[in-house]
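Got a structure for you, questions after.
Chain IDs A, B, C, D and E follow the sequence of writing; residue 1 opens each chain.
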């Protein structure tokens, strides 16, 4: 077995960043805790670098349970990069908070858990990673300790706990049927197992994954947490864990024996339900964060499409990986605008284009990106997703996705329209009151979505 | 060279956005300058074009799905590129008096120009689609941002409707991609070896998706209802571009994508296309006849005019027909795209003049405008006659070829359909005369007093469009020489 | 040579175009320029008639176009150019400086130029272009005084009606391509079935429409709304003549189909008879002349039907001279006396004797009085008709009697002394003055109208037939000539006698004739109203039904706009829509599970997962 | 004493715990329900280990993980309850329902 | 032996379920806590029956600790600890009953009907040694991740549960010589 810690260098970098950050946070004056953010960022940058180097090496398996393959590479880079941006967003928002350094550390740990979730090659690692990825999230959700934040934390926690336990029971059941917990052995072990029991185990396992992915029926926490928690945390919990969840889902799709469970149909139904529910519920939202929350649910539905056709189309994997990255970037950009503006009502965005044209443009690019307008990155992702669905003989799912994409235009436009009104809303902050850092990140991500869309060939080639 | 043509406007747009302090007039002059340069480049391309696919650029873009930045011009795209450059220049000149958020307006139009040029030059399905979709986004903002009346709703309707069409089109493209062996989005490859040759059912479905997507954009009956409100509430320049250039994206798609890449199902379902075309012709004309709103009326005549094109491309798909006649029909269709762009562009700009003065499109509130605005009246008369297909103007050249080609192909279906469609020109004649009578001639109406004649910039924008129509109407060879080889190619491709 | 071929139509067309573009700035120079161009065109036409230029050029792929002057065309171009010049000379006098003379002369030149192209075109595409252009110019000229809604409407009726016929040419062009692979005018007689029949049908429809034959005749009545010179040109050398010309040109095609020739012959004959009666019933001089045009063109159409190209062409030329003369005379009186009512014009000829004499010559020609031209030409046609069918001959003869009758009526009306019925200024304020330019063309035209009867002389007739390539066609027998001449003379006498009785010949039975056989009302009832009704229904259908499904989307969009604070009140009246409500309802439904209560989330999640399990277990 | 017996016991504990999680208003009681569910998982995991795959220690590790899950989730649960109680002075889920729709 | 084992198992099983049910039946939270503890104890003992001595002991010890903490919490929040007031705090009781009963019935049916895999291999002599081997071998990563998760839990619970941090106690510059705690004498 391979127990070379160098294979886990990216994770170790981030862990080191977290630990060093935690320790130094203990000795830093309150106003200078940003140093922790710098340390964490350094860890993330090192992690990204290490992941980039690792991506050039052949696929391997570390510690018998940590798969290192393109999925892991992409997940690592996406998670760490997204976390890096979120650190940037947070740096302005939680400045000089008594728990500022803990905030950064928790984010780093959650990111670490997400990567482990994505790379897990063993159900038990998956379960442990679930804990690691979730627990900091609960704390982050309640970080503000206000009424809404704590309620969000409670809901997040209760949903996470229940679905985690259901997932654990699924793990147990699959273990009992397959005599092992590692994917490789399960692949053989499950092939002769009774189909019904495998199906129950898979669905139970799906519970935890759906929770992390924000997919039906594990989506209930998404809107409430997104609205209740602070915007930065909302950004984090709707962006980063999904990356890990879809990677894990895709891996599990490869574990299941053909014929035992109609996995494609199961995921397709979940996907269709997720995207439809997310879109419908987003229609009449007045709160931009709730709107974005439902938008992330519908995006999760689209992301499930390549998972459904995993193994049935060569396009499935590139579609998933690209879409995940594109989604993370675009979603982050939209939330960054919310962080920068600091307002939740749709009407409060009236006249943003006048006051902060670049920020408004970024918002438009990100929202249209979420719609799937070329040449943004999500378009390329959606294209691959449609292609994978049609190629995998799930054309009906592609059609459902198309209809949903069109329907989603509604609520994105509901946000875009007031932005271009001439009269600024009464609650719109002055140009000077916008969070500069967040605004810069918003603009940067908007540019990056365009660049990633136009340069999607380069991204897909690697 | 071609890439420069395509992206020059975008570069200028970005420059306009970035450059901090430019006065509004200066912005528009920069805009006009960019359009002039672009037009000059297109003319240079036209002059230098010598058959086949010219000015080709093929750069890998998304190699994993074999999509590339592949652009080039041929006899189908060159006229439309030229049309695009001309119309955008006209709109820029027309907007000299624009005062509302000029910089954004100019940037948006330059962006749209890049999009439209890119679409017509694209030789890759994905690239085509990118531009197709972006055109919707750009036009949405034009309507929502600078429109009038119920513009937000119209813009939304436009966006949703055409966006749905574009996604259906995307599904069709994906079908083409997956049907090709090896999988590719490259139009040249797809044209060379039509995909899905072995599976007629799938090919028919793909054609359905592509056809519906393009039909919505074209638009044909019954998926045309986004058009009237979008036009009515759009600013004049926006309407001109929407009708003049963007409707062509649909019909261009038929000759560029649907026919050469899906020849077998196209032939099989040509009769459907023909029926849709004929219905569009008659329906569009009749509904236009009943309109009181001038802009809506012109919008419906667009449905009618696009119907001729659809009829022609349908007739070209009836393989039993005479080859030369079918070529004539396709040539007519492409000519009609150019012609309609010029004429309708001019008419919409004229509508803009009217609305600028009277703030209404209601024809019954005007009357006798020839007295107070003789130049406006003269331009409108020329535009109206051009639109109703008067010989000597471009519409006739196009429609005559379409009718003659469709009937002359000799198949009973095409001939009878075209014979019925001829009724369209009669109804169009009647309705345009009604327009002239209600708006220009006769006694003055309630709003006539406030109408002043066209100003210099407006005249400079509109007159060249009509002059171009006149030139094509009298001496069409320079245009037809370019189109004919391409339409011959299309006909031979669809016959495979 | 081809330069001449190009120059002949190009000169008036381009000069006209320039005048139009110049607009009111050129008003002063327009008459001079127009006359100069017109004169030059006449010279060119004469040259072309001699030199017979041929022009070929590519127009559409594989379908070359061209113009050529053969015998028939030679006659036509000279006639067109000459009449145009004459009319323009008159117009230079009639149109005051206040009028938009540049527009008028420009349109007239283009009108004539289009006619020149029409008569020289060798293929259907070019023919159709010129043909339709002529229609458009007629519209612009009839509606010249556009401030008057009635005149404009008349122009519209004229244009739409003729264009309805023109659709036939579009059809014919397509069928020609299908039948012969070319659009050449000459070769269509050899087209394959069924294309030949379709071509013939299309051409006949177009020609009948243009020539105001039954059932299209009514537009010619409306065409009187234009200035008199317009009527003079439109009724003689252009427009209506174009239809007759086309039929004469494609006579072999008509003959080849069999049915088409018969149909055309009978249409012509019946039109001649019916519209002759209409003319007789008119009280308005110009309306009378208009109806008589239809009737006279009927003889040409009859000629084409019975294969008398020489006779038909002669009739065309002679009628052009006579009719332009009559219209110019009527126009001169209208300007001077302000009336065109037959009663009001009593004594007009005596007040302006030159005009009266010339007009009288024209009227006598129209009456078919020997030895004037129409007497000969009409009989040439009729004798050919007699060879085909006795019925045709009889109808034609009766029509000839009617033309003598209405000509006589006119003649007597203007020449009788002024009496109680004389009224000036019923239409407009007269100028009491007829200028030199207005008078100048009249004698010339009168001489032509009278002298063209020479084609009846055997020697000249042979040359004429050779010119037209129509050797061997039947000529009028002396007996027939004598009969018709006698009939004409008798009729004139009878009319003169009747006119002495004070009571006019108004009666119930004349009302349909006075009203142009109610053709327009019929067209209005049978075509226009239903089409407009259909259009309205479809427009409503489009708004309510076709757009309905889409409106759902819009409704939800409106909801969105409402909620975003864009629009406070819902426009329920327009947007209440089941699907829109459904979308909203679904949106609410989708939010209902999100109760905010964790235990309901738990329960829902549990149930949903159970359902998924069930689905997978049962489905797998 | 068979695998089925262990599993039935596990199922019973799981179901009882689920009932508690669904029905209890007090957050702490909900947590108890969750613990009972984990309890069932422990039984099932141990049963599977013993009756299906005693050769490898995967089952034991699974039980260990289950125990950790329980402990960590409970620790977080208490922390969340504390925070909630401080912020809103409530300890039942029904009173934390402001975020909805 | 087997019979004794079986009897013991069933007794423990019934005990575990019964005390589990009792958790939600008794009318005081303290009693509920002890019922829960009882349930866990039964399970812990049951583990001994299948040779899992280490895990059984772990369950028992951990649960005792946890329940003690829970009692402390209940006292903190005054959740009617001693059963002084009757406590019925349920919602959606019928739905919960139906769902959980349905789940149990379905699971039981599945358990009975499913042809479970046959045993492969035999229980080792010392399962605890096996466990240790696995944790140091193929399952090392699990423990590593769990270790980080425990760290995260510590930080997270501290962040959530304590409202006074180091800056409250030592000042924003952390230069306070001694902690300033409520009730304590900071000076």
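To be clear about the criterion, a residue touches a chain if its C-beta (ideal position, glycine included) is under 8 Å from a C-beta of that chain, and two chains touch if they have at least 3 such contacts.
What you see is a predicted model, and the numbers here were worked out from it, not measured in a lab.
Trainee: Could you run down the chains that neighbour chain C and chain D together?
Mentor: Expected: A, E.
Trainee: Of the pairs C-E and D-E, which shows more C-beta pairs in contact?
Mentor: Output for the comparison: D-E.
Trainee: Measuring centre to centre with CA averages, how many angstrom lie between chain A and chain D?
Mentor: A distance of 26 Å separates the two centres.
Trainee: Any idea how many Å lie between the Cα centroids of chain B and chain C?
Mentor: 34
Trainee: Indicate the whole-number Å distance between the mean C-alpha point of chain A and the mean C-alpha point of chain C.
Mentor: That pair's centroid distance is 74 Å.
Trainee: Go ahead and note the Å separation of the Cα centroids belonging to chain A and chain B.
Mentor: Comparing mean C-alpha positions, chain B is 42 Å from chain A.
Trainee: Which chain A residues touch at least two other chains?
Mentor: Chain A, residues with two or more chain partners: 124, 128, 131, 135, 138-139, 142, 145, 153-155, 158, 162, 176, 179, 182, 196, 200, 223-224, 410, 413, 417.
Trainee: Considering chain B alone, which of its residues make contact with at least two other chains?
Mentor: Chain B, residues with two or more chain partners: 152, 156, 160.
Trainee: Mind pulling the residue numbers of chain D that touch at least two other chains?
Mentor: 14, 18, 21-23, 25, 30, 47, 52-53, 56, 58, 61, 65, 68, 72, 76, 79-81, 83, 86, 93-94, 96-101 - these are the residues of chain D that touch more than one other chain.
Trainee: Pull out all the chain pairs that touch, please.
Mentor: After working through each pair, the chains in contact turn out to be A-B, A-C, A-D, A-E, B-C, C-D, C-E, D-E.
Trainee: Going by the contact rule set out above, which residues of chain D touch chain C in the complex?
Mentor: Within the complex, chain D contacts chain C at residues 18, 21-23, 25, 30, 93-94, 96-101.
Trainee: Which stretch or stretches of chain A touch chain E in the complex?
Mentor: 1, 3, 15, 22, 26-31, 62-66, 98-99, 102-103, 105-106, 109-110, 112-113, 116, 122, 124-125, 128-129, 131-132, 135-136, 138-139, 142-143, 145, 153, 176-177, 179, 182, 192-194, 196-197, 200
Trainee: Once bound in the complex, which stretches of chain D touch chain E?
Mentor: Answer in residue numbers: 1, 3-5, 7-9, 11-20, 22-26, 28-29, 32-33, 35-36, 39, 42-43, 46-47, 49-58, 60-61, 63-65, 67-68, 70-72, 74-76, 78-83, 85-86, 91-92, 94.
Trainee: Going by the contact rule set out above, which residues of chain E touch chain D in the complex?
Mentor: 2, 5-6, 9-10, 13, 16-17, 20-21, 23-24, 29, 32-33, 36, 39-40, 43, 46-47, 49-52, 55, 58-59, 62, 66, 69-70, 73-74, 77, 79, 89-93, 95-97, 99-101, 103-104, 107-108, 111-112, 116-124, 127, 130-131, 133-135, 139, 142, 146, 149-150, 153, 156-161, 163
Trainee: Please name which positions on chain E make contact with chain C in the complex.
Mentor: 91-92, 95-96, 99, 102-103, 106
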